[in-house]
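Each of the next two complexes has subunit A plus one other chain: subunit B in the first, subunit C in the second.
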Partner chain A sequence: MDLHRFWAMARKEWIQIRRDPRSMILAFALPPFLLLFFGYAITWDVEDIRLAVVDHDRTAASRKLVEAFASSGYFTVTEHVATVAEAEEDLVRTRVRGVLTIPVGYDRELRSGKGVPVQLLLDGADANTANIAQTYASAIMARHALGEVLGGRKPAQLLRLEPRTWYNPNLESRHMIVPGLIAVIMSIIAAMLTSLTIAREWERGTMEQLAATPVGRLEVILGKLLPYVGIGLFDVTMIVVAGIVFFGTPFNGSVLYLSVLTLLFLVGALGLGVFISAAVKSQRLATQVAMVATYLPALLLSGFLFDIASMPTFLQGITFLVPARYYVAVTRGIMLKGVGPSVLWLQAVFMIAYATLGLGLAVTFFKKELRA
Partner chain B sequence: MTGRRASLLRVRRMVAKELRQIFRDRMSAQMVFGAPILMLLLLGYAVNTDVRHVATFLVDHDRTAGSRALVDAFTASGYFRVAGTSDRPADLGRALDKGTATVGLEIPAGFEADVKAGRSPAVQLIVDGTNSNTGTLASGYAAKILQDLSVRLAVTSGVAMPRGVELRSRAWFNPSLESRIYNVPAVIGVIVLLMSLMLTSLAVVREREVGTLEQLLVSPLSATELMLGKTIPVAFIAMAQITLITTVALLWFDVPFRGSAMLLTVGAVLFILSGLSFGLFISTLANTQQEAFLSMFLFLLPAIILSGFMYPVDTMPRFFQELTLLNPLRHFLEVIRGVFLKGLGLRELWPQLTFLTVMAAGGVLGATRRFKATL
Partner chain C sequence: MAEATLPVRVRGLTRRFGDFTAVDAVTFDVRQGEIFGFLGPNGAGKTTTIKMLTGLLAPTSGEGWVAGFDIRRERPAIKRSIGYMSQRFSLYTDLTVDENVELFAGLYGVAGEHFRNRRAWILSMAGLQGAERRLTEALPLGWKQRLALGCAMIHEPPILFLDEPTSGVDPVARRRFWDLINEMAAAGTTVFVSTHYMEEAEYCHRLALMNRGRIIALDAPGALRRRVVEPVLRVRTDDAPRAMEALAPRPEVLDAAMFGRDLHVTVAEADAGAAVVRTVLEAAGRRVLDVHVIEASLEDVFVSLVRAQGGAVVG
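Right after this comes the complex of A and B.
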């Protein structure tokens, strides 16, 4: 390992990146664009659920119930229809997500204290939305029903629940998405930037020129990685700042700790990218492998949107191979929870192992000597 | 030989050449048929929004039969499981920080006595909001459980409580509200889009980079024949892939199939055509394979995000909702989910199929013109 040669290699790579407008766009323009795009497009807050109402009672009391749904903010009453059949047709065509049916005699039964059933029919195809709608509906009903019966007095219940939400008090999906996006975006950028770097040398024939120089494998790999690590750190800083400025994402933890773990993540991800391109050698396959191996796992197996805890055990095992999994835990832990090494040490250990592995594989598989 | 037959023969030769190129090495063949199945299995399990057995940290200051009954009500619901217990609330905080528990439940001392005296004791529920979806559902379930228990306790302890409105909810198409049934068909659409883009986007630019494009140009193949030769094999491979993964999905995941296979096939052909022509379009625009790959990626990212695959289109801001109309994946997902889950037919799905037809036709026309212009 010669520092001078390593430095020369890094400079060469940096000059190549700087001269290639596509690499520059990829490195500097794409990450903030992706953050803004995803940050605004991905909203998981279920609000304004479209509801059709079939009010068979048509009394002041039944209108009050409908009003309770409409004013909750969770439901929008888009249609008042006369028959259940019409409403069901709307449900089949997904024009509405649910149908609220109020029976004849609602007002009378309610006043007699015998209890009235009100039916909510949901489009269960989208189970998650249906589940949330059900949750909201029963909360509205509970509040409304008690208020009605007790004649406007404060609703009382035998047991009270005092719910509190930590880390994200208003349960805004944005605060869950922005820190996770850092990990997803950086996985993509790292894989795209590096998976082509060595394959490019092969296909353009410049590998022979590299082979003719006295540079060793370790120097080539580390020299190639250095500019990308620098770019990656810059990107993460940019995304974090943009997240705080545009989306109001909290930052409760330590900047230093985030930087150290980001460095580890980048070395691993970039090393893995170099490994893929060195092992595969054809650009076509390199791109395909990089895509299958990074983008979808980072999006789906990292815990970014889908809880790892609700996956089957074997899949939970597989998520340990997805580096974004650790990094999502790190960015969320530091930004939202404000936790430090005492909680995140396990992630740190895994990320060190992963960085070592990525670098090791890249160096081992990179064969500088030309094949016959 | 007539001109038309000669032309057909040329296209057939070209198709044979393309197929040989795709399946030349074992790795590519594995990629073409192995990767979709692998992805289906992985994604089919991963894309899951069901909130069940939420890890709950319990701090029970009361330790009576009454407090145990409350905990039982939580665990018996299937939504919660006790992941740890302690006497100190600080431990609860640590468990949430670490992520070993998602929910904390704290039962106050004197809980049972308060219930008996009708003093309405307050149970504390602390929810980890980092995953807002899980947080929303978990607190909703908890509220429901407590409410039901409240009513039950009122009945058994003889406290007279007037009965009011009862909500009876029922879900159509998916009564047990399992998210997998909704997501597995969508995974099929995502995989097919990914594969057809991958197979076509490098098709032309690769020949250009390797230098074989000139050889093809001096051959008697016309531009249209060349394009047919490039698309037909990929279209067949994509159809084979979708058949294969749909079969695997039906056999492996317990997904209902309520509609017509014919309608799904029509939708799939249109969807694949629009995907292919887009890939081909990229391929003619790009100068290098790297550029083609990046363009494809930049199309695929928003196509997946703005399709309704992971979260419903209705919850997006209006601008993005309108943008989704340009996305073939969005329309195909509505078709495949409608056919699988709701058994919808042409009567309901004609708007989606019209969109797909327009996109497929526009795509093929645009790609052909681009193709002729490049050559």
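Right after this comes the complex of A and C.
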């Protein structure tokens, strides 16, 4: 490893990136775009569920029940219709997510203390929203029923559950999304950026000239990686700052620890891109392979969208091969929980292994090709 | 001369790609300070040989030493001792002239005062002063080739390998390029060059003629020309293509080729051959302006040698 040669490679690569519009867009325009795109598009928070009401009773009591739903903050009553058939039409056309039907004699039955069924129809096409809506509705009904029975008196409670949610007190899914997004975005960007770098040299014939100089494999690979590592660190910083500014994402942990683990992640992901590039030797194919190998696993199997613990065992096994999995845990752990090495050491170990593997594959495959 | 000090020594060098033998047991030496040429058609094995000598390709069998280093085991040392210009222009076209020079200086470990001197030398040698900040892709091909030569020479290597360095370059730029090669050889650099341009081959001190992976002759260009045993007639007529059509099928005519408006006709014996040519052409209704025995060109030599070995020219 000769520093002159390493530095000459790094400098050359950086100049090439600067002059290549495609690389510049990938490096500096795509990350903020993806952050804003995903950040605003993805949310699991269910609020303002649109509700149609069919009030057959039309009494003060029935209106009070509707009001209990409307004032909860979780439901918005958008339609008052006369018949269930009309309400079903709304449900079919997804104008509403649910239909609340209050039967004739609601007020009377309530007063008589016999108990009265109130129907809530839910649109199961979106199971997640339907599920949450049902939970909200049950809670509203329970509280409302208690109020009706007690007639305004405060209930004396023997047992009371007092839930507190740590790290994300308001359960805002965006706070989970932004740290996870860093991992997904950087997985894509890193592999896409470097997937071109070796293949381009083969296609343009510059690799032959390079191979005739005394420059070694390690010098070529590390020299090429250096500017991309710099770009990656810049991108992560940009996304973290944008997350804090635009989405109010908390940052509770250590900047230093995040930087070190980010560096490890980048070396692995960039190395993977170089490996793909060296293995397929064509820019077009390299980009496609890089996309498939990083984007889908990072999105689906990293724990970013779906909880890994709820996956089938077989898929859980596969997630161990997805580097973004460790990085998602790292960014969430550091930014939301403020945890450090004592908690994330296992992730760190996996990421060191991954970085070593990425770099190792890149150097090994590059060697073969250089001498062919 | 001690053999170890020869710039290039090759013994039975062979390279196969599957069933195809690209280079077939070639043996030769290159002497200090000479311009050594590889002449042959495309596919003759010139590039494959150069790639083995420059450490880019492993030989299948045989031995070779470049600058005293073994081409199988001492590739890094060879790469430090040689300059190499590949067949295809292979500098970075998205870098400027200066950036390319700096890159190769970095790769060959040329720094400081030495670098400034070499950079100045390259720019003046290649006539690129004033173009330092231009993108390489915007330069005319002839300039690019001179820049590539300069970059290959940045570390002042004792041996220079040039693989068809002037293909696609216009004749004026090609002439200028060869002036540079001559200067370098005069200054003591050993130049190993491949070409398929016959007129370029004339600039070489010694020439290896390659066909189908083998060296079919190796000598100075003048000596090679004298080797053609059959006389070559320059035939001038009113219509060269038709004259060639008439002559080619005749058994007395060993070879007929067009050179501009003339025909070069190889025959077994000069006087009888000339008589046959005149008779045949007049019978075909051509007007014969002149039939003259000439010194064979390198192309005649090549064709004659290939024919003597009973093989066809590849490519």
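What we mean here is this: the second predicted complex is superposed on the first by the 361 of 372 C-alpha atoms of A that agree within 3 Å, B and C clash if a C-alpha of one lies under 4 Å from a C-alpha of the other, contacts with A are read in each partner's own complex, and residues count from 1 in each chain.
The working rule: a residue touches a chain if its C-beta (ideal position, glycine included) is under 8 Å from a C-beta of that chain, and two chains touch if they have at least 3 such contacts.
Model, not experiment: these values are computed from the prediction.
Student: Based on the superposed arrangement around subunit A, label subunit B with subunit C as either clash or fit.
Tutor: fit
Student: In the overlaid three-chain picture, which partner chain does A:Ala212 touch, first (subunit B) or second (subunit C), both, or neither?
Tutor: It touches subunit C, and subunit B stays clear.
Student: Touching A:Glu67, do we find subunit B (first), subunit C (second), both, or neither?
Tutor: Neither partner.
Student: With the two complexes overlaid on chain A, check the angle at subunit A between subunit B and subunit C, Cα centres, nearest 10°.
Tutor: 90
Student: Name the chain, either subunit B or subunit C, that contacts more residues of subunit A.
Tutor: Subunit A has more residues touched by B than by the other partner.
Student: Quick check on the superposed model: minimum Cα to Cα separation from subunit B to subunit C, whole Å please.
Tutor: 15
Student: Overlap the subunit B and subunit C contact sets on subunit A and report the shared residues.
Tutor: none
Student: In the complex formed with subunit C, which residues of subunit A make contact?
Tutor: 2, 4-5, 7-9, 11-12, 15-16, 19-20, 204-206, 208-216, 371-372
Student: Quick one: in the complex, what on subunit B touches subunit A?
Tutor: So the residues of subunit B in touch with subunit A come to 27-28, 31, 35, 39, 42-43, 45-55, 70, 96-99, 102, 115, 118, 120-137, 139-144, 146-147, 149-151, 153-154, 159, 161-175, 177-179, 181-182, 194, 198, 202, 206, 209, 289-291, 293-294, 297, 301-302, 304-306, 310-312, 314-317, 320, 334, 337, 341-342, 344, 348.
Student: Quick one: which bits of subunit C touch subunit A in the complex? Just the residue numbers, please.
Tutor: Counting only subunit C, the residues touching subunit A are 54-58, 76, 79-80, 82, 84, 86, 88-95, 99, 102-109, 111.
Student: Quick one: in the complex, what on subunit A touches subunit B?
Tutor: Result: residues 22, 26, 34, 37-38, 40-48, 50, 65, 91-94, 97, 110, 113-132, 134-139, 141-142, 144-146, 148-150, 156-173, 175-176, 188, 192, 196, 200, 203, 283-285, 287-288, 291-292, 295-297, 299-301, 305-307, 309-312, 315, 318, 329, 332-333, 336-337, 339, 343 of subunit A touch subunit B.
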